[in-house]
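After this come two complexes, each holding chain A, first together with chain B and then together with chain C.
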Partner chain A sequence: MSRADGGGLLVSELVTMFRRRRTIALLSVLAAVPVLIAVAVKLSTSDVQPGDGPAFLDRVSQNGLFVAVTALVVSIPLFLPLAIGVVAGDTIAGEAGLGTLRYLLIAPVGRVRLLLVKFASSIAFCLAATVVVAVSGAIIGAILFPVGRVTLLSGSTVSPGNALGRAALIAGYVTLSLLGMTAIGLFVSTLTEVPVGAMAAVVVLAIASQILDSIPQVSWIHPWLFSHEWLGFADFMRDPISWTSTQRDALLQLGYVAVFGALAYSRFTTKDVLS
Partner chain B sequence: MKDRSWWIRAVSPPIAVGAVIAVSAVGLPANASAPQLSPKTAQQVVALLANQTVSGLSGDVVEKSALGLPSLPSGGGGRSTTAGLTGLLAGTHSLRVWVGKAGQFRAQVLDTLDETEVVSDGTTLWTYVYSTNSVNRMTLPAQHQASTSKPSPAEASLTPDQAATKVLSAIDPSTEVTVSGTASIAGHGAYLLDVRPRTADTTIGVIRIGVDATTGVALRVQIFARGATSAALTIGFTHVSFGTVDASRFHFTPPPGATNTRGGPSIVTGRPYASEKPLPATAPDSTPSTQPRIVGTGWASVVVLPHGALTASLPDQPQGNQRRYRASGPNLADLVARAGTKVTGGTLLHTALINVLVADDGRVLVGAVPASVLQKALTAPAQTG
Partner chain C sequence: MSTELAIETTGLVKRFGHHAAVDGIDLVVPRGSVYGFLGPNGSGKTTTIRVILGLASASAGSVRLLGTAMPHDARNVLWRVGALVEGPAFYPYLSGAANLRRYDTANRQAPKDTRIARVDFALERVGLSHAAGKRVRAYSLGMKQRLGIAAALLAPRDLLVLDEPTNGLDPQGTREVRALVRSLAADGTTVFVSSHLLAEVEQICTHVGVMSNGRLVSQGTLDTLRGQTRPRLRIETLDPAKAMKVLDGLGLPDTRLESADGRPDTADSHLVSADLNGVAPEDACVALVAAGVRVRGLYTDHGSLEDSFVALTGEGFDVAG
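And now, the complex of A and B:
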């Protein structure tokens, strides 16, 4: 019975989230990123030289599938964290701010279960956001540019089908990479009743983490930053595929989920829900 | 406030769990205790090294440079700036390596969103840099192919032990070779072979080679500067497995659209521009001697490059907030000018192992020697190296 209730709660939460205008707007913006890239490359008169612009941009005109990869490279530092910060920061604080948290908890829904459902729905949004960028990129790339064998980082080429399989792995990897940030967002969201504050805090943390990651003088902290392995998805574009980043990333994100999940749990189960 | 202590109690166990997970993610230092191996003399270890028995190997390699060159912020959403092989001069890099028979090998330098390949099937050497999409093809010299495939009859007549003894006695006047202990490298027991220059006219303190006790494969090489306790340069396996590697791994087909170059310096710098036009290497007004020459012998050798010979690019390594160099790339002279110090006779770029002196007359002196030896070499008589 409780499982059915949890499942029902998750479904209704997902439906609410994906029907929300804000969610649709966020996903639309993410879908527009690859379109913008593809159209810009298509309209430009001069070829993109290797080394110019974001990584993989110079490959776009030769193979449309690279639009998806370029869009991911562009989206990972800012757009994806921004979107996830909005959704994860809103989870608890949004309900509290609207005054609906009280009613949710008056209904026979345990706080732990509500937290888990909120976390699961945020993860679902991470996956949706990543897939939207990749699929939109692949589609617009296929429309505007030729699609053929894809050159991997190692110089070997694979068929488009193989490349799509690798793209699916990349989408999974990027979602995995964002788990730590999602857990942080959940925790921050339990601290406040002002959703905007929680959203801003999460985005600021994501940017601060990336800035720290680019400063060599604090290299000792780099392996501990939740953004450290974000660009490691390129390991799926090597021949043979390297799983090193995935292993490191999984452990890292698991650590963040454990720590901030525990913090969110402690905070939320002891919180006075007044409004 | 009564629940504050409860809060802390509830939080501390998960934090401990998280910390354990994170520590294992970062990777604790490998078991440092030295494995128990039967003691061997330097001759025996050299013989082991010279008589490797593996048909092939593959593994992950970490290369770490602490030469003291200025380093550049990397990552953070941008692309790695270390494309090409000179990037290996600074920082830490991961590589994947496969080695086969008769000069077959493949190395991949794994950078963020980038990769540099070096592939040899024994007769042809390919290099490929993904970010610049440049391919470089070189046919290996025939004698190199021969020497890697079969030893000369004179060498073959010696047992590995005899050959090792011969080598050791040949280098003995200048170099001391000892076995300094054992270590566990990439999970394999290994002997540490120390190669130590006897002269004080070199910056190199000791070259320490970790030789796998069972196969004789060199698993790690560390170069220590004189008097230093941590290695200036370390390259070693973090994971290795022995066994024949599929031959297809050593074949390389240039991807469509790649810039094809031959023998240009882009092999080193990873920059296509250098190969598209001949190197502006020799300035027209250069001195009559345009060939590099060697001053000094053995460990204290100094390479003297004539005026204008050095326009090869170094990796992007501006200091601090200096602008990033793009396609043009900084050349060594730039780097020396910015990172170097004025000394008598020129400007010195000092690193832990290599010193570079750009003389006031434009010559460039390079050597694994102290600065004073470089300055002495400035006035050394001309001799062909």
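And now, the complex of A and C:
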């Protein structure tokens, strides 16, 4: 037979993942977060004071676009890690649990190829999850609140179009921030045949990382935590945009991807598949 | 190294901790054969298959698959091998056809343009065309088993490895699988089929290997194995205990009271058998009658394959290990 079809597996993986009811449920929950925030602000009689609630919440009633940003702030500590923990923790362990892993391997899929496809599809899910929160926030914000020029943290104002561009950058930043966790999830997923275990482990790690990040006594470890730059996207709300957080974050996440990618590789390419 | 062999293992060992599930086996599976890989549950058949297919690494020894070293050259050979290992496995939320398409996509050598047609053909071969669009979640055990066989038939294969392919199938399904294996073998495909039920594969095999406790205790053509069985004396009698005593006295080994399964007149008569061990059956008859054993029938046969397997493995074939 002729050689054929290099990217077919990634397409198959993406179609399978995004058609799956569980994926749709996760994305629906994420889409509901900004709706919840916007409706709560809309229904409340008193104005939100600056400093109350999550960052940017006080700006929502003046400009609907801030619903998107507030929703991202709210989703980052728990909802996004939860969703990504489910998807990344399931990558290999899910196939092992179903027994489909052995049939993929004897197809033969190639262990490295499968790992790469799983990592790529998890990243696609991170992007989708982030974009869903941002887009859902922008839409519900535009419906419930006025949309006009946006006042940045640095005091200058930009057009709604410019603000949307910045929102896209923020979504990209959040996706980038989640890469390290995705790589950890991929590695943990090669360790077990019980997907729920892998998912739980990834979520626990994400929470532990954030807890450590909030304890001043271990400040030396903070710059090394994969969640350390998760909320660093305020840089995109300044004029001119500062890229220092992005650079730090990119370096940090790439480090995690390199280390846990290598661990996942060495584990998965030598693993006995007995499920 | 011979390329005339579809599977060849040399001193293959697979240990789980200290326990050797596969304990130094030398499989020789000729091309074009239908090889019955027999053994009780837990004797190491599935583990052997996993190592042959590169799912698990060998603790010692080597494997050649279609003349190619495994697992080193897995990607160059596995696409020519269709397999069912330890039962079928699918994505329950996908349809039968979508599951097959996914497995086919995983095979880099499978051309995309013929995928739909090959999936349809494989489904048709196992009689599942009507359920192609149904989610596998809604499949019965037998349907899943058929779909697993269809997955093994997605592309033209040189070798099929079928681990207990008739599990979960009714007698009709079992017959269909046998017919399918026959027709594939007629096309020149080598078939390596494992089973803990001798009767299910005996009729289709040209070769057999018998596993017991991780060891390959016998291997060869079916006829060779038949030739190894020793002639047995079988008597139908009303006094089984006395008969066995007499036969023991004559020095016949392996004296057994056979189960009464399938014989209608079992109310008072029993079947006793023993290895003739060179004693003439007429002499045994005289001795029995002289001792007052009431004999209804006496004959000899060469022992069924089942007998020889029981002798080789030390247990019945449907005994859970």
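The working rule: the second predicted complex is superposed on the first by the 269 of 275 C-alpha atoms of A that agree within 3 Å, B and C clash if a C-alpha of one lies under 4 Å from a C-alpha of the other, contacts with A are read in each partner's own complex, and residues count from 1 in each chain.
As a convention for this text, a contact is a pair of C-beta atoms (placed from the backbone, for glycine too) under 8 Å apart; a residue touches a chain by one contact, two chains touch by 3 or more.
The structure presented is a predicted model; accordingly, all values stated were derived computationally and were not measured.
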Chain C versus chain B on the shared chain A, clash or fit after superposition: fit
First (chain B), second (chain C), both or neither touched by A:Gly110: second
Partner chain(s) touched by A:Lys42 [first = chain B, second = chain C, both, neither]: neither
Which superposed partner A:Ser156 touches (first chain B, second chain C, both, neither): first
Chain B versus chain C as contact partner of A:Thr100, first or second or both or neither: second
Partner chain in contact with A:Arg20 - chain B first, chain C second, else both or neither: second
Contacts of A:Tyr256 with chain B and chain C, given as first, second, both or neither: first
Contact breadth on chain A, by residue count: chain C or chain B: B
Which of chain B and chain C A:Thr270 touches, first, second, both or neither: both
Overlay on chain A, chain C to chain B nearest C-alpha distance, Å: 8
Common interface residues of chain A - those touching chain B in one complex and chain C in the other: 270
Of all residues in chain A, those that touch chain B in their complex: 49-51, 54-56, 58-59, 62, 73, 76-78, 149, 151, 153-157, 210-211, 213-216, 223-224, 231-232, 234-235, 238, 242, 244, 248, 251-252, 254-256, 258-259, 261-263, 265-267, 269-270
Chain A-touching residues of chain C, taken from the complex the two chains share: 50, 53-57, 74-75, 78-79, 81, 83, 85-94, 101-113, 151, 155-156
Chain C-facing residues of chain A, complex: 1-6, 8-9, 11-12, 16, 20-21, 98-100, 102-110, 113-114, 270, 272-274
Touch list for chain B against partner chain A, complex: 3, 6-7, 10-11, 13-15, 17-19, 21-22, 24-27, 60, 71-79, 91, 94, 96, 108, 110, 112-115, 117, 128, 130-135, 252-259, 272, 326-327
